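Each of the next two complexes has chain A plus one other chain: chain B in the first, chain C in the second.
Let's turn to the complex of A and B:
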């Protein structure tokens, strides 16, 4: 028994009379004492149901032997998954999205880290304006970015393809990396960098052995967001894509017929599950990296760094 | 924060400026697309087709690929003609685009389509809706070749509803709170207009739309819901909440497959029908291959495959090639005298009226 009621009795010092233990208190007092914990759990449960309830319902109905997504339950089936697996367009779209998201994530991390380093460590005229310009991309609607990208590529005579999708996604994703990594760099004391240089480290060694290990959790967090943004993006992918479609574009294009819903449901369940597993994996990685560098920040603080 | 706002404004203005430079219209050739000199020659080069995802399924495309081994067929998909028009106007190059009569105005307004030469399409005259005015521009040019359609009538639960044969049955007090109308302004206003005796539901005047709106609002309690998708409509029938509704034959088939005793009925006022087809774009680069593709889609063989995907066989010659189980749904006779769903001149009035109806 490890619950609240099973906590060790407090040791009294000096008075000789111990305060009443939890189980001796009247029920009302015990309830009142536990109320904040109960309310917290209820709030967390409510939020989880709101956030994940619809996804769980879709996952559940992806195994329902009916093309209509509603009760009553018509029996267990895996035929929607088989249909999705046998659909070449779905497979191609997923592979395309994975390919683009992987490249966008890698490119965003490199460009975003360089930009964050420049914005937080260098002093130059127009630094604030440049930082604002980076941040402003995050508030411009993706639809506008997508249409602008389409016209831009059209004007310069570049054929639309997965490359153009990746380039325009990079434009909107790397500022996010800049924000997250900048937050990590701002929290990291510059005195440690200076100490490393004083002890004889070159600039490259200081970055390699001092800075990068410190901001590794921020990089991991930025990587998660960059991958998710890219994989789930519809607007930019639609307008700047050519004849190789990404997963969101494929989904939108076949939803005209309701008979396609169960198959889309099945594919989406697999994608959602993979994304949840990826986030959990990255979360564990962030925690491990945080522990390894002896950070006082926990994983949540790393992720919230950009917001702060 | 001020800097952020400034940056956002600068970017938005830059995007709009770029959009203004190149996104006004198609800027292509809008004369009639010339027929190929040798219609029987296999297509070569690259053909770029831009359509809905469920039109470009491999079952349909594979035979065409086999017939034209030297042709590089590329496909891209969209989710509405509005989105397709925006992309084409932005400079996306495609040879063939799918067009639906009820949403084609952005493509026409931006001069993104080339009129077709019907003589270049062998089965054109046999296709359902091939003589419909709605396919033609102001000069009589044929803007697209009809390739798929779906009749829209009444869906009734046969255990609960007997003898229904009119849109007016949707308003029968016997079915109060057990009727539904699809939440689409065009069909919602259209079927109500037909029930009131108006005979041109796609071209109502603003006053007529107002009259229809008042009728719907005054009988708001008649309707259990205004479902926004086929799936929602199917759910309502399956749960028993709704026993009569307007809807497509495909929706009725889906509901029936799930064990609900429903029947699709062609009302006496007339059947509405969505009509989609294939057009050649004003910036098409491979006209010969585009006509080859259109000819393939109009052929009995292709239409028989389309019928097995749940669509009507637009070419009646295809019916004998359709498996018996799919033949009833594929029969294009359901489209006889059907009223094609098109974008009305008073479209904004339709939309506003429908929003008021749904809001109650």
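Let's turn to the complex of A and C:
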């Protein structure tokens, strides 16, 4: 815990040098004065190591020239990447996941935006109940939705496949888009829409020139989160999936059968790298889209919208 | 907030009941239909299955025995207790990290605030299965932590308890949902008026008193949101205990999986799922109420 009342003005790191008088202070007083900053950064470092350390080690050992993942370091190799590239199951799993995630993202954006507009801009009886229904999907654990889907499909005699996986993922993912886009719609005043209509804009023009630019950052954030939710989704793909495995299901089935394999390290490293690039790309896009609206704060609001 | 004006477009075709009905239908029929068919119906089907005798039992008709069996079985009670322990400890660890971390992010890191938030978002985007895999690599008997400790001579034999134990499940779960614990608390922190800290200090409060009496009540809603978002997935998690839990970290999610996919007893599996759903719902309602009440008070 850092001292809240321990300093007059919180020192922000990197914002400048310490006041000159500090050099004359005895070392212990200097240390004492610096303690809150040191503790803050120690905590940040600890959290980053917890979150990213394991994945970094995994990436490092994808280059180790040894068929067991352990010390000592046996030398640099890229043969695990070659092996992964030539592994048909791995390729199928990744292609399946990308395919499902692309369709689920597109479907979620369409359905989610429609529902968000209906729930925030229209008034009708039963609106609160419908909003509650969309929200409740986000709280029900995926394990239970997956099991319910499995039972449902087996009762009505539908064979499990990538289609059933995609449909069930769509069900749990589009309410997320509803939440993010609704938050974006609520933030911007509808008087602007009314003004556009009063000035003679048609419904189509109003949506094209007034609404879309305003909710574009929300749509971008919703898109990246929907894709990640679908691509990373394990429980639903596991219970409602057939023979064709998605990437998380493939890793799960390997881990359940065997020890860790360096080839999986290589695949995981590539996936992690792609996800890092995706987040950076999404951030740049959202920043650009929300520039006309204001600060970086707006953009970070969009990114965090999904979490709240 | 609903404004006093009529819905858009409504004033042009003023009073048209047709319009009033058609517009919500155009926007909401497809999403609602999807939820109705693939969310609500499966839940109802699951309830019906849970209320039926299993095919294997040879009986027919409705029964509550699937539920009563699940509740009265001492084995399941033990698993439920383990699950509660693991989920609660993992939640507490996350809060212990998240509350100070959110404070540091909100007030102490200056221009690094946004990059660090992006790191948190990134941590959530990383594939959970990759993360579990990475932890297994580190914690195993021949894993990097054991090998590392042995090579520098700190231990003579590998510590077996690192993997396939409650410990490893707690480690994996604590790091899986940290993003969702930190960000609601961070958002609550950002809303706090920092003059309050100075006021508290001027009135002679130390940092402990300030944290407990000033800061904590103000960020309580954020903590309840974090509980709502994280505790339910924690206690229904099934992949982590399966892959790193061994026999001592056996959790309720695995019971459901084993009943449905291993034993093939859909009726018992459905009943167990619904019991877990009921527990989640109860927890969600309590956390939501607390969050709302706190928000109203402050």
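In this text, the second predicted complex is superposed on the first by the 246 of 308 C-alpha atoms of A that agree within 3 Å, B and C clash if a C-alpha of one lies under 4 Å from a C-alpha of the other, contacts with A are read in each partner's own complex, and residues count from 1 in each chain.
Throughout what follows, contacts are C-beta pairs under 8 Å (C-beta built on N, C-alpha and C of every residue); 3 or more make two chains touch, one makes a residue touch a chain.
Just so it is clear, the model here is predicted, and its values are computed rather than measured.
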{"item": "Partner, of chain C and chain B, that touches more residues belonging to chain A", "value": "C"}
{"item": "Contacts of A:145 with chain B and chain C, given as first, second, both or neither", "value": "both"}
{"item": "Touched partner set for A:40, first chain B, second chain C, both or neither", "value": "second"}
{"item": "Partner chain in contact with A:128 - chain B first, chain C second, else both or neither", "value": "first"}
{"item": "Which superposed partner A:155 touches (first chain B, second chain C, both, neither)", "value": "both"}
{"item": "Footprint overlap on chain A, comparing chain B with chain C", "value": "68-71, 133-134, 137, 139-140, 144-145, 147-148, 150-152, 154-155, 238-239, 252, 255-256, 259-260"}
{"item": "Contact set on chain A toward chain C in their complex", "value": "1-6, 10, 12-15, 36-37, 40-41, 43-44, 46-48, 50-52, 54-55, 57-58, 61, 68-72, 111-112, 114-115, 117-119, 121-124, 127, 130, 133-134, 137, 139-145, 147-152, 154-155, 167-168, 170-171, 174-175, 178, 190-191, 193-194, 197, 203, 206, 224, 228, 231-232, 234-235, 238-239, 247-248, 251-252, 255-256, 259-260, 264-265, 268, 271-272, 275-276, 278-280, 283, 296, 300, 303-304, 307-308"}
{"item": "Partner chain A, residues of chain C touching it in the complex", "value": "2-3, 5, 7-9, 12, 20-21, 23-24, 27-28, 30-32, 34-35, 38-43, 45-46, 49, 97, 100-101, 103-105, 107-112, 114, 116-138, 140, 142-144, 147-148, 151, 174-175, 178-180, 183-184, 187, 197, 200-201, 205-207, 210-211, 215, 225, 228-229, 232-233, 236-239, 242-243, 253, 256, 260-261, 266, 269-270, 273-274, 276-277, 280-281, 284"}
{"item": "Touching residues on chain B, where the partner in the complex is chain A", "value": "3-12, 14-16, 18-19, 21-23, 48, 52-54, 56-58, 74-79, 83, 86-87, 90-93, 229-231, 234-235, 238-239, 250-251, 254-255, 257-259, 310"}
{"item": "Partner chain B, residues of chain A touching it in the complex", "value": "66-71, 74, 88-89, 128-129, 131-137, 139-140, 144-145, 147-148, 150-155, 159-160, 238-239, 241-243, 245, 249-250, 252-261"}
